[in-house]
Amino acid sequence: MAPLSRHRAILLAYGAMIALLLVTSIFSPGFLSPGHLRSIVVLAAFIGIVALGQTFVIIGGGIDLSVPWVLNSAAVLMTLFAAGQDAPLLWIVPLLLAAGALVGAVNGIGIAVFGVPPIIMTLAVNVILQGGILVYTGGSPAAAAPPLIQYLAVGRIGVVPVIGVVWLVLALLASLVLSRTAFGRQLYAVGTSATVATFSGLPTLRTAIAGYTLSGFTAALAGMLLTGYSGQAYLGMGDPYLFTSIAAVAIGGASILGGSGHYIGTIAGAFVLTILTGLLPALNLSNGALLIVYGAVILVTVSVSSDAFADLFAFVRRRRAAG
Amino acid sequence: AEGKTYKIYLSNNFVGNDWRQQMIRIAELAAKKAPLAGRVDLKVENVETTVQAQINSLNNIIRAKPDAILIDAGSDTALNPTIEKACAAGIVVVSFDQVVTAPCAYALESDWDRIPALMAEWMAKELGGKGKVFIDRGLAGAPISARLQEGYEKVLKNHPGIEVIGYYNGEYALGPEQAGVASLLAAHPEVDGILTQGYGSGAIKALQDAGRKVVPVTAFSYNVTGVTCAETEGAKCILGSNPGYLGAEAIKLAVDVLDGKKPADRHVLVYADFLATDEFKSELYPDAKVQKIALGTNAWKDRPPGLTLPISPDWMEVTAEEAAGN
Amino acid sequence: MTLAARSEPVAADVRPRAARDWTALVVDRAPFLVACAMLLILLGIYSTLQRDVFTLEELNLDTTASLTLLLAATGQTIVLVRGGIDLSIGGMISLGTVIAGTQFGEDPANAALWAVIILAIGVGAGVANGLLISVLRLQPFLVTLATWSILGGTALVILPSDGGSIPSGWTWFGNTGFGGLSTSVWILAALVLFWLWFRATRLGIAIRATGSNERSAYLSGVSLTAVNCATYGLSGLFSALAALYLVTQTGTGSPTVGNGYILNTVAAAVIGGVSLFGGRGGLASTIVGAFILTIIGNLVFVLSISSYWQPIASGVILLAAVLASSLAEKSARRGGM
Amino acid sequence: MAFLEATSVAKRYGGIVALGGVDFAAERGEVHALLGENGAGKSTFIQVLAGSVRPDAGSIRLGGAEYRPADPRAARAAGVAAVFQELSLVPDLTVAQNVWFRREPLSRLATARRSALIERTEALFARYRFPDIAPDREVRRLSLADRQVVEIAKALAGDPSVLILDEATSALAPRETEWLLDLARSFARSGRLVVFISHRLGEVRALVDRVTVFRNGETVGAYPIGAVSDETMIADMLGRRLDRLYPERHATATARLALKVRGLSAGAALKNVDLDLREGEVLGVAGLQGHGQQALFQALFGALRATGEVEVWGKPVSIRNPRRALSPALGLALVPEDRRGQGLLLSKSVRENLTLSVIPRFSRFGLLSARREKALVDEMIAFLQIKAKTPEQPAGTLSGGNQQKVIFGKMLLTEAKILLLFDPTRGVDVGTKGEIFRLMRDLAAKGYAILFYSSDLSEPVHVADRVAVMRNGAVAAVLAGEAVTEEGILRAAMVERAAA
């Protein structure tokens, strides 16, 4: 029963995603065109990559509000250092990924070792990073994103977007780590109960810190890739990813309080959010009406994937079976 | 009071985009450079984006009893009670860029009637009075967004052949513009023009990504837009300008007022040149100057994409390096 | 099993009788106590740079600056103590100001009527949150994310951008005072009284209990549905109150103004020691947290930090303040076991 | 018709039949025991009576009327109060707030004032001669035994007519147990009903009037206590005979010290504890409730910061944290006191819980091997006869005794040689208890060293080689050989107080 109920939330998130896609295509037939599906994959990939680290952090019982400016900093610094050239990426990308991871580690240490509440720690780090990057660069750098980054973000192999492939690889790795590694097992344990994890001899601190480190890493990665989408870095590019990265995780079935969820669910969450934002312009509604629809659709989507709904469903089926 | 040094605070409610960075840089420059050098002791107060934070900051500023306060406001009305307090304390208040409605405050801004009207006029001409367009609605809740949208629509109404087939929220950022246009393109196989409120280059990129031909685009005068329009095969653009030197203009206005040279009206409009890929002469605004985009002159490949054009007000020289901060 | 036959009263115990457990009291409140100390330290630094900090005038100013946040954060505190989170605060505050801005008019009776309607909408929206959370057993985060959007959207439908106006009587009330204290201080005092009362009511206890251990609360006879409706209903009520106070400061309806309060209400509560996992903390924590945020703003102003460094400075001060209380809690815990 | 009568009560959880249709009848004025092995359905039945579980079928009558509580509130209102096996206290409320929770006496302002709550609590405590627990303390800070006591107070606060005690003695030391039995007796004598669940047959026999036995969710017997032998009860419970509870005790201790503790101190809880635990030895730890036993176990496991010297297998060590304790270099494993708060991830599967401390045993380069994990899990489930539908069943849905077995199994899997067993048989049925004792002796014979606390004093008496008696955070006496008797232990535990 456990595996079933564990996967149920995820399956239903995918159900919601497909339903949303079909409904959307009624409003605008072009939605299911290969070109548009590709553009959905590309946009979802950015949310998905930021939400990858966020998934780990949330499963571990925390939350990372520093993703906007980790992302933005990596984007700005990458274009600044690379000056439009591919060659320097060889050192820039590893350097900035490491820097993102380092910021994440600082978050993790503040939270796990010093006991600062995650919300405050990561919020403060976000503000400090924002200020830091403004002091350091005074704005967005001049250069366009290097061609290689642009290729990764918007290029395609046949009909398949390159970033879709990148995302798929990351998703497989993340799923593997969560389901099949010692670290994944420990992360769930720490998020479920830090006390029990400690009494069980798990490296509680290290595990929590690793989650934040990964989040810093994926936010930095997403930031660099995102420059390839817009062709450049700009200030504020990380802002939309604060709530979307958390919402994707939650829609994907994870509890915000930790210990449950899976990246496979988050992927559906990223798609749901992307399809929703894409659906709305097509509806031609006012800004206000748009938000109302957005809220309503989220409610319906998550209700359909809720336990209560599933119970009701099971109940009806049992009734039916009983005659 | 001519020759005196005035203590002036600039209250800015948002730091997270390139425009505001440039605005602050040029304002700080204006305080140091001729003709205002020595005339102002400028302090810039940046606050987080909430109205409450700006109110609190303004209250702190009022307690410091400056000669003038310059405000790039987070709301056109919500700061009014606080601003009235400042006025009552004898402080000169100049709101600029995102201006306020408080009658006691000067409001220095671009001519938001002229900009969208002229750009829509240009679009109608490009389309020969016939075609389907998308319109950018800017940012939900921002007063300027509605004015731009309405400005576009008002002029387009005079061209019955032009049909608005879709709206998106560009949010004055590249990503949302690109994503918004991309979604609309999926729904609408045909589009002949896009009226943006933002960079415009995001719209062009979305067209290219979708494998569509590049259609005429209206946008704002960012360096990236100028460069993209100049370099993109077949691109037609017109760029309206909300110049990054508005902060400096506000300083100048405040100094003038403190010196006793009050403008006739509390509303002060700033007119900056348009940029376009071709020559364009407006019938609606015959005085309006439209520069032709020329790389190296008014758009630079090696300068920050977010640089707002034009760079200098006519009373002060600002180099591109100074504006870009590097 | 054979128990030793014993004659002495079994209830007697060798353990020393602990009438009031002072160590435990201090240890449990370490984060709050240190937050108080941090607030005093910040005020101390502030007073070296700004004259007349420890005056009624300063109290009035800082309370006025903090009160909207505090009102909204009172609701958020109740929700956090319940072990939930309320993002819909953002939408409710916006909607409240928009209705006030568009409907109050100049007639005081009409304004009063609409004020009551706004409060009712706040309660109604909150109860809806509570019902969705209980009946569909959904995560508070997702439910209130959706209702935030719906309420905020409604605000934008009514008023696409800031505007409308508040009768002068209403704004006058918000900005006057008596007995040397501003309206905001009186409201704060009322808020404190409310809390002292509320936390000792059956509902107040049940909310804390449910946040502390939902299963135990349920087994003890708590209706989770009722508790959730009350919790989020109160949060909606306080958001509406925050909106009604906010318009006395802004004099206008603002359809997106509430969004800035979502994270700040949580931050204010958490800085003062409210736990995100429920059961622990209270309004005292939140008040200290909100004032810390306000004083940090003042401090950064009087420190005359160059503009680019301002956000860095406020982040660092905040972190330092919270770090101190976290470390204090850690060491208190270690020493006091 | 009996006062409380249940007929064919059934409850399933998915594919798991918790109750297959049990019958139960009890009268006013009696203490009625409900017996059964772990997972027999006792707690489920209790939860049905208490309104927290709705049965799928069956009917219950209480005092002649149909009784069908919709939720715990309804049951409380009908005068049915349960001390749940899992406890229903709220950690962040004080003792007094917990005792009167949902029944708070209200002031004119509708508030439950602190002083009023404390007064009432003290009155209740005095009336039933409760052990001394500060009413103002937050429950979070109480030991499990004290929580158990508070839970009893909470049940009594409503002056119920039916008091259900689901393993309420399992965490209590002898004095408190004796007190509770007295309380139950006088409660029943006043014309009310006590339903009593316990795996300690001694106290059942000492207390109750009648017994009902469940096996696998069915009622298999109901007897007046005088008419039934322990053997019959056990045979009913287990479906087989049990030769003996306690294994033979052969001295297997060597001279080699597994654990040498000198001057171990921690705040007020531990004061200068000296202790020697030998290879092959089972060393009992005993004492009155709350005299530092728990702190001793936690300190040795690195879960409580303490000062002093500890040598493990002759080497001085510093046990900074549980991870260090569990490391192969030290090899110390603990069965903790609080199984729900410290021992188990309730929402996670039996499998994940069993292997939580030994992840490296089935992973290579950080990658888990499902096959090797399954082997470990299956073996342990079979070995301890853990009653779970599948290894994937969430641990929190196991019966209390089976949860305890999972924790025991988790500890065994660590292959640590020094075992710190804090009440390892709490809530475990007689059959499995015997297995555990046998296992402890076998392990000792293999050279393991075992520190063993039990709230049931007869256990160390029968299983341990020596017993260290604690008093006020220090070791008051170490009893060996013939001196290890319940009387001896109690005397050593209380002697100072008599002298003082």
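Letters A, B, C and D mark the chains as written, and numbering starts fresh at 1 in each.
Basically, a contact is a pair of C-beta atoms (placed from the backbone, for glycine too) under 8 Å apart; a residue touches a chain by one contact, two chains touch by 3 or more.
Keep in mind it's a predicted model, so treat the numbers as computed, not measured.
S.K.: Steps needed, at minimum, to get from chain B to chain D via touching chains?
M.R.: Each step joins two touching chains, and the minimum needed here is 2.
S.K.: So which chain is farthest from chain B, going by the mean of the CA atoms in each chain?
M.R.: D
S.K.: Using Cα averages as centroids, what's the distance between chain A and chain D in whole Å?
M.R.: 43
S.K.: Centroid from C-alpha atoms only, then distance chain B to chain C, rounded to Å. What do you get?
M.R.: 38
S.K.: Nearest whole angstrom, what separates the Cα centre of chain A from the Cα centre of chain C?
M.R.: That pair's centroid distance is 29 Å.
S.K.: Can you give the whole-Å distance between the Cα centres of chain A and chain B?
M.R.: 33
S.K.: For chain B, jot down the residues that touch at least 2 other chains.
M.R.: 15, 140-141
S.K.: Can you list every residue of chain C that touches 2 or more other chains, as numbers and ranges?
M.R.: Residues 156, 160, 255, 308, 310-311.
S.K.: Among line, ring, star, complete and other, which one matches the pattern of chain touches?
M.R.: Shape of the chain contacts: other, as it matches none of the listed patterns.
S.K.: For this entry, which pairs of chains touch?
M.R.: Here the touching chain pairs work out to A-B, A-C, A-D, B-C, C-D.
S.K.: Show me the residue ranges of chain C that touch chain B in the complex, using the header's touch definition.
M.R.: 61, 65, 68-69, 156, 160-163, 165, 171, 175, 246, 249-252, 254-257, 260-261, 264, 294, 297-298, 301-302, 304, 306-308, 310-311
S.K.: List the residues on chain A that touch chain C in their complex, please.
M.R.: 65, 110, 114-121, 123-128, 130-132, 134-135, 138, 243, 246-247, 250-251, 255-257, 286-296, 298-299, 302-303, 306-309
S.K.: How about chain D: which of its residues touch chain C in the complex?
M.R.: 50, 52, 71-73, 76, 84, 86-93, 97, 101-102, 104, 106, 109-114, 129-132, 134, 136-138, 141, 154, 174-179, 182, 200-203, 206, 266-267, 269, 288-291, 304-305, 456-458, 471-472, 486-487, 490, 494, 497
S.K.: Per the contact definition, I'd like the list of chain A residues that touch chain B in the complex.
M.R.: Contacts found on chain A: 27-31, 33, 35-36, 39, 43, 130, 134, 137-142, 144, 154, 226, 229-232, 234-237, 239-240, 277-279, 281-282, 284, 287-288, 290-291.
S.K.: Note which residues of chain B are touching chain C in the complex, please.
M.R.: Against chain C, chain B makes touches at 12, 15, 24, 43-53, 55-57, 59-61, 75-82, 140-143, 145-146.
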